[in-house]
């Protein structure tokens, strides 16, 4: 099977980290196609960035679906555009936050998500709510920018470690979820270091996408995710959206 | 005060209906500036349409904020782009769903939202959840398209009436909330006809926006709605998003 | 329009503070009629005081409705007697807690209510629950009595400030709600001082009452708030209650 | 022990029914003191009636506490004045709704409360919420007035039976809770007739009051139910409230 | 009446403590039959121990029901096997956690459960959820083993006291619930010492069982607790389970 | 990898159905080891049966873990013994209900579980609650016994189909979850027949178990699932439980 992993953050070096984590998690029969969205912010930090990441993200998924991929993973912990992508596509689409939370729920009763910036904390708490994990999952921000994770001298990883220590001591966390696609390469190391499960959403989402394909399941087209009604689009969006449905 | 009412559905005739409802609700000292988003779907029906409505909507709010409006109302019952707009703007921004639900909560314990299409029912149920109205508000779809509301011969208004009857009989609804900006002109008539409160979100949002301005309140810039970090944007989004912050 | 603002705390000096805040918030076309309830405790601090504040409060609202006011605000943060007043009256009735929480919800995702005494904390937490703000609003008590707020030498305002500091540091509050009608004069000063939104319920409720009147909406008389059944009353209540309905 | 059962509905014939049910449930060592409140509406149907029932109810509990009763039951299914009574009194106070719901929870997973009038349905749903029974307890109204239960020719009992049938068929109810103190004499008959548990709140509350006394437990005076602050009262309330605390 | 109090922890000395607390709480007409389960772990600490306590517990209840007891109390704070016992038996069955939480709810708005080991904290939080006490009850572990409570030199009681102090200071607890059957003898002493209600589940459950019997109520046999279908059992369970139903 | 799929229903023919579904879902590198528990009821229908299924189930998992399996699936839709197994084992353990609900959540917003007997409906609703799917998942019972599913002439499959039709028409279900391990062979057929996703928990759990192993994740041993304390066991349980930990 071919599995698209799209990075809606338009930073190719970040996509490389994601691709590597996806490949490590993937079954040998799965071909990972890692793609960087071609339109939008270089990193998604908060609600505003999310909005401008959507058209590029959806175009990439539409393009790759036409090219034959079997499923798609959206590699941003805000699960940016997940509902829109599910409505648009026929193939299954998985968000890395939902996959990480579901996976954590299979191995721990209580766990803590450690994300990057304070402004991303509440959006992730809203996802915790949406995915039914209130009372089980706490969210902490390490106060690091997304792209600083790529710089070994930024101190970002130390701040992440400090926040994990607080999660253990103050939240009685039984497992840690890494709350940013840019942390995907750290899960194994931190798991060894802290002696407790550390979950990366990219790997978790790859497995969920593989599972749906193997089980012959895809997004229901009844109700909430019914295929979009074909209709005129105005302005620049004419170049983006309509082609998704008409090509 | 100047109050922007943006229609993220890119259909000017629908904006006229909205503008009229907004003007009727507004205080005499309020100048309503009704605008149609210049990019995106002609009508927003479901998650997918919402995604492509965002850049145009946000650009319009940014443009009008620079031009001096005091507050903005997003005239789509999905509260499309509300969080992104709040993070972006310094002026208060109100969604018509949140305003309608809050208003209904001041005059009834239990009420029913009647929206257009089945695919919009669950998204509105999610807003009911988000705004703390679970157990108080039910959502029904009359199975009419957004734009059919403009055509008196479409039968759309009769289907809407039928659904209100069901809300009264089956839900014991104490009030009705009209779940689409395109129904804004019907509230008064239906209220008279059914002898119970019927709430239109456009009018409700106008009053909330006026209230915030009068009280000297605007969106908090601590935490969730902190102003976006200025950063590079890729592709076509370079033409849209960055100017919002740098202009 | 004429807007009644009733203080169910039977302390006239407190009503003066409330009246001033209401007038500052009101539209120029709104005439504020501030009234002190003529029966009940001088201040409402906890469930017991609330009970004895009800007859006087309801009598005042009934009397003023007959005199022609267009809407009423109950100026006590416990939203004392709100449901009873809504069932009794035909005009809209707004509580200052519900108005403050709804208003806070339009400008912040997470916020903290700072109230007076510890015994009022849980009752307000119950209102937070009722109004659907669990997970968004925290409640803190500054451990000051209601009437001490009127005495500049009581240290009450310093304790209030200290509690706001804790709300910012420990709760990551994005906005502050003042949890007592007696704090109505402090909102603007504290907002300036702390550089974040500070919401007073009296002003917020005035705007909600104006909004309902402008929109032609009033309490639904179907279901929960159906007009009371006319029936005999026993004892001293014969002098109070029945006249409300029969006069 | 002496157990006060107060009827806040000021109808003596209704108190007789309640007294009889209380006596049947009481242990042989318990002396039931049934009292009718001396001030307020003849029957409590909705929020408005509740408000005017409070002073009389609280005065009766205060008077009887001074006279030496060991505990009090408030015999109205709205749990009228329960929080105020708990704050006021040193003896335990039990509401019949809370006792009935807790008792039902010990013998059934899912159950239905059948109450009198539609206007009482939502207030009881709010108690279901407060007592943590959402998802377990449904509430139905038989559309009968409280006092019609006393008239064998009113058809009230047949309507009650019809509603129980609906609870069984439509709600899959495993037990029935009678949602009005005036139904207290019907529990045993209906239990036999329907072959499933039927719970009357008066009997249930008597047992809870006995239990607390036997266990040496009473209302906590820390926090929410701290004893009222002694303070001046204005108007007619001067004759009622203050004596409760100073006598 | 005869009331069975089963200790599913197979430690007879612990049963003695439980029996003593049960007897102190029981009415004079109630004969307490304290029994130690004959199969299973000496103490129940976590999910795994619970599983192996079930057959012995259920056999004992079945045996005693045949011998004529009128009701049963399961004396383990995890409410081990409560649902299975209710489905099996015709007599009422009460768990000490559910009884303690319901009792606490009648005398306090907010309270804290103090249990033994950290691994029991989350299971009790799940019961708090199940019994509708989320937001009212917190759970703390004193980090003591169940059986160490019996050893006056173990320091267990001091750690319990320390945790109660934290509950008062950090949780604003209005009452304390002892979260282990092995603490049943400490309630009175701690209540005196801390000057606030301290609730032991064994005593609380005895009163609930007496209440149900006095009210003529027992577990509903419609729906969730319908009597088990008689069916073949395999292996060693043949010796245990089937006899319960066929004897 | 070796994946144990245990059937806690002690009916070998049912295990064959389960094994076949597991094998079809498994990756080619996964060896399915299907086992029938050697102690307990032939079918699990309700809380009572569950209790007696636990020792046999846990012994089988312990035995197979010692023999080297990499993960375990508990093939009963009540997720019988899941918490105990997780505490006991070092390998990951997955329940078929939790896996099915999580999987459904990735492809539908709203869905309905169709189970066998009415007495299993509420237990599954409790799992829906536990797994955070309240408001998204409904539960229906087709009123068929577990073992009747194996008999093509029992009419069981027709009743299942009828219930699916009701789920579509009355619940607006977007997907169907089969609520019994004995239905595992029907998913593909029903999916084709109804043209919407139909999810079998056995296949779903196999994929989750494979995912955890591939990701190097297993149950956290901090907190809720800490390894059981080694301790004496009494009676017949001495032969079962202790060996799990000491062998």
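All chains are identified by letter, namely A, B, C, D, E and F, in their written order; residue positions are counted from 1 within each chain.
Just so we're on the same page, a residue touches a chain if its C-beta (ideal position, glycine included) is under 8 Å from a C-beta of that chain, and two chains touch if they have at least 3 such contacts.
None of these values were measured; they are calculated from a predicted model.
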Both-way neighbours, i.e. chains that touch chain E and touch chain B: A, C, D, F
Chain F and chain A are one sequence twice: same or different residues at the contact, by the over-half rule? same
Using mean CA coordinates as chain centres, what's the gap between chain D and chain F in Å? 44
For chain D versus chain E, what separation do you get between their C-alpha means, in angstrom? 28
What is the distance in Å between the mean C-alpha positions of chain A and chain D? 52
What parts of chain F, by residue number, touch at least two of the other chains? 86, 109-110, 118, 121-122, 129, 134, 172, 223-225
Contacting chain pairs - touch in the sense defined above: A-B, A-C, A-E, A-F, B-C, B-D, B-F, C-D, C-E, D-E, D-F, E-F
Interface with chain D, chain E side, in the complex: residues 25, 27-29, 86, 92, 94, 98, 102-103, 105-111, 131-134, 136, 168, 172-175, 188, 191, 196-197, 199, 203-204, 207-208, 210-212, 214-225
Of all residues in chain B, those that touch chain F in their complex: 118, 121-122, 125, 129, 134
Contacting residues of chain F [partner chain E, same complex]: 10, 37-43, 45-52, 54-56, 58, 81, 83-84, 86-88, 118-119, 121-123, 126, 129-130, 145, 223-226, 228-229, 231-237, 239-241
Of all residues in chain F, which touch chain B in the complex? 109-110, 135, 172
